[in-house]
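Everything below concerns the one structure shown next.
As written, the chain order gives the labels A, B, C, D, E and F, with residue 1 at the start of each chain.
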Amino acid sequence: MIKTPDKSYTEWSVIARPKDANSIGTIFGGRIMDWMDMTASICARRHSNLKVSTVAVENLHFAKPLKVGLVIKICAVINRTFGSSMEVNVDVFGEDTYNNNKSFKAVTAQFIIAAVDDSYRPVKVPELKPESAEQIKRWEEAGERRNKRNAKA
Amino acid sequence: MIKTPDKSYTEWSVIARPKDANSIGTIFGGRIMDWMDMTASICARRHSNLKVSTVAVENLHFAKPLKVGLVIKICAVINRTFGSSMEVNVDVFGEDTYNNNKSFKAVTAQFIIAAVDDSYRPVKVPELKPESAEQIKRWEEAGERRNKRNAKA
Amino acid sequence: MIKTPDKSYTEWSVIARPKDANSIGTIFGGRIMDWMDMTASICARRHSNLKVSTVAVENLHFAKPLKVGLVIKICAVINRTFGSSMEVNVDVFGEDTYNNNKSFKAVTAQFIIAAVDDSYRPVKVPELKPESAEQIKRWEEAGERRNKRNAKA
Amino acid sequence: MIKTPDKSYTEWSVIARPKDANSIGTIFGGRIMDWMDMTASICARRHSNLKVSTVAVENLHFAKPLKVGLVIKICAVINRTFGSSMEVNVDVFGEDTYNNNKSFKAVTAQFIIAAVDDSYRPVKVPELKPESAEQIKRWEEAGERRNKRNAKA
Amino acid sequence: MIKTPDKSYTEWSVIARPKDANSIGTIFGGRIMDWMDMTASICARRHSNLKVSTVAVENLHFAKPLKVGLVIKICAVINRTFGSSMEVNVDVFGEDTYNNNKSFKAVTAQFIIAAVDDSYRPVKVPELKPESAEQIKRWEEAGERRNKRNAKA
Amino acid sequence: MIKTPDKSYTEWSVIARPKDANSIGTIFGGRIMDWMDMTASICARRHSNLKVSTVAVENLHFAKPLKVGLVIKICAVINRTFGSSMEVNVDVFGEDTYNNNKSFKAVTAQFIIAAVDDSYRPVKVPELKPESAEQIKRWEEAGERRNKRNAKA
């Protein structure tokens, strides 16, 4: 079975509230990572239709702080599959609804998520079929990242 | 200024976890209402570009229980504006990712949300321009509901 | 078996803290709904002595914003039973303990709550016997609301 | 100004949910203490009409475990005032709504709470006037406890 | 089997965030008690290697308020064992990392924690062997406190 | 000013509770990341005595699942400083207190954390002086990782 990335695309929005803030007025980084993992996991479940478990997070960069009051939008899209594991790209945007919904990318990362059975053994996932130019580019870059990881190990 | 409903459409997905459960194995109703209000508020902020405050919730029906482990998807779309207030429709779906992402509507409601200034006084919002047949139907039904509310008062 | 409303009256108080606030300094609406559902559910459990599940919320009106620092008091009282379902009235008060405990009604709604067995099938609840003039008035109004709901369906 | 204990009596009920549980199926002790402090603080604010700060907790005994699914009821009543501080008694009950609302006392403690100004300096509170036999007994026992505390120091 | 206190010493640090605050800008007392109980329970589990349940809290004093933004450090050390129960001392420090990590003791208490089996029956714990002068002093003071408790009962 | 890694070493332990679990019985990955970021941030604040902001997370690997009921221990130690940024190593251990406190490493990552002023501009941090063989090894490896990052950019 083969699936396109659109089938598992996952979007999530939240209003950043005081309960999410650190002590210097912006959203606590760990809180954002928690939201990213949730969104990536849903994407991986939608693609694999299996139980999933996050294996690694790569290139997690916090480019810009996110202030209380902003709408936070998180988008997860699957880049590529490798047997039983999936690389899911997660982007976090700050969206200023008080300023014409202007949006900026604040955080980005790739989540490596494995499909597992009840004993946490890996299970093969459906193959991914990228279609658009951007999807194909993501698919190729995911392959290069994997080669580098394997070279390191 | 006039906006279409697509401009403010808001989608939100979460994995139902044990922390969200009541003591009989399904998601606690109040938790779902909290998520619905958040999603509706983002939709209202995206349409109005103003501060917003929930004024009323109408026709909130819990049709089906939602079990831990399901993906919960919440969709908010603005039905109509009335001066400074907006009627936002919120649908909650349970999505069984372990069963081919089969989805069922579990909860639905209309949220009446006002745009306000810093002193909580009402502020006029942009008009809504429904385009598709469904958007026009939603727009008309929102008008009927409002007439009934006014008749009661 | 017949029970009076006093047997299941439920009261709940909390100090509104920053963790409960939205991004404009008042308590997030969804948070209040969560508290209301909890209080209504306890009331329904105390009356029915059964498992319960919220079926609908009606006439939920947020009349006044609630600020951080206020004591929030929520009172739930059963209005009437209909076979396996109960109508529970929930009032939310803001209480200013720094100003002689002055209190104002901020939110109100009726919760329709069903008694269920382990398979979520409806189970008959004890009848309600209203005694005071106010309890009888609530009982009658609940009947009228139910007639309207049935007329709509 | 003189006030009776009834003026500040505070009651709080909650359904014990999985999110409140420790890893062996009962409510986590720290969670219960958190609820007790909240309830005691409201009672102290209602009596003093001032800002308050918990100074000490005495004789905190967990007599019985509390299971997920029970209704937990917490009752706070002021025992006595001492200048700027108040002794508030807090009792925690487990209430089995599936078994005719049978209730048992699970935890008890006295909270010593000071009224303070914005700089955390003590402020005198209204005197307490116990009326019923039980209120008078509580008032006297609070005095004995205070004498013992002072003897220790 | 005999163990020293060092084997079960437990340390826990957190940044005090807005979500932990009360409505007057300092950390809510119940939140601190929750953290103390968690830390004490880990210490008791590390000593006993058994399931544990908090039985009582003694001499809980809040000496100083803790402000949002401070690092809070909690240290739990076992003072003495009594058959199936353990006395664990818990100290809470505020640590000002913006001021050369200056630290002050803010809260202190002794937690009496029992080792239990699955039916909450008491189970004997390993004996404690105090070694340093301070450990021996703690051990002796725990004995005196116990004698006083028994005298009261 | 020069500081050793011991000055900022940070340890944190928690009992994994149902509220931390995902829907397949282990701790939710995002929850662990949240705890890691908190622990790393305290370490960075203790070294820098400045406000800090997480910039990136590298090599985040979830080697083993963590079950509800385990004690989770997180250790953060600073590896090296680079002007205004610090590399902090974070290890997460599962500790089975029911089995002689046996412990296994479950997750590891390096956090790149910047010291910032109130406008989020970088501020120079004290230099790190590694002393033990392990600290020197960590210091050198951090330099190699930084060279690779710079080569990529």
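The criterion applied here is as follows: a residue touches a chain if its C-beta (ideal position, glycine included) is under 8 Å from a C-beta of that chain, and two chains touch if they have at least 3 such contacts.
Predicted, not measured: the structure shown is a model, and the values here were computed from it.
Common neighbours of chain B and chain E under the contact rule above are A, C, D, F. Note on A-E: its contact pairs, compared by residue number with those of A-C, D-E or B-C, agree for more than half at A-C. Using the average of C-alpha coordinates as each chain's centre, C ends up farthest from chain F. Each chain gets a centre from the mean of its Cα atoms; for chain B and chain F, those two points are 40 Å apart.
Spacing of chain E relative to chain F, judged by their CA centroids, is 25 angstrom. Contacts with at least two other chains are made by residues 15, 18-19, 22, 24, 28, 38, 41, 51 of chain E. Pairs of chains that satisfy the touch definition comprise A-B, A-C, A-E, A-F, B-C, B-D, B-F, C-D, C-E, D-E, D-F, E-F.
Chain E makes touch with chain C in their complex at residues 18-24, 28. Those residues of chain E whose C-beta lies close enough to touch chain D in the complex are 22, 24, 26, 28-31, 33-38, 41, 51, 53-62, 65, 109, 118, 120. Residues 7, 10-15, 38-39, 41-42, 45-46, 49-51, 71, 95, 97-101 of chain C are the ones that touch chain D when the two sit in their complex. The part of chain B that touches chain F in the complex is made up of residues 15-19, 68-69.
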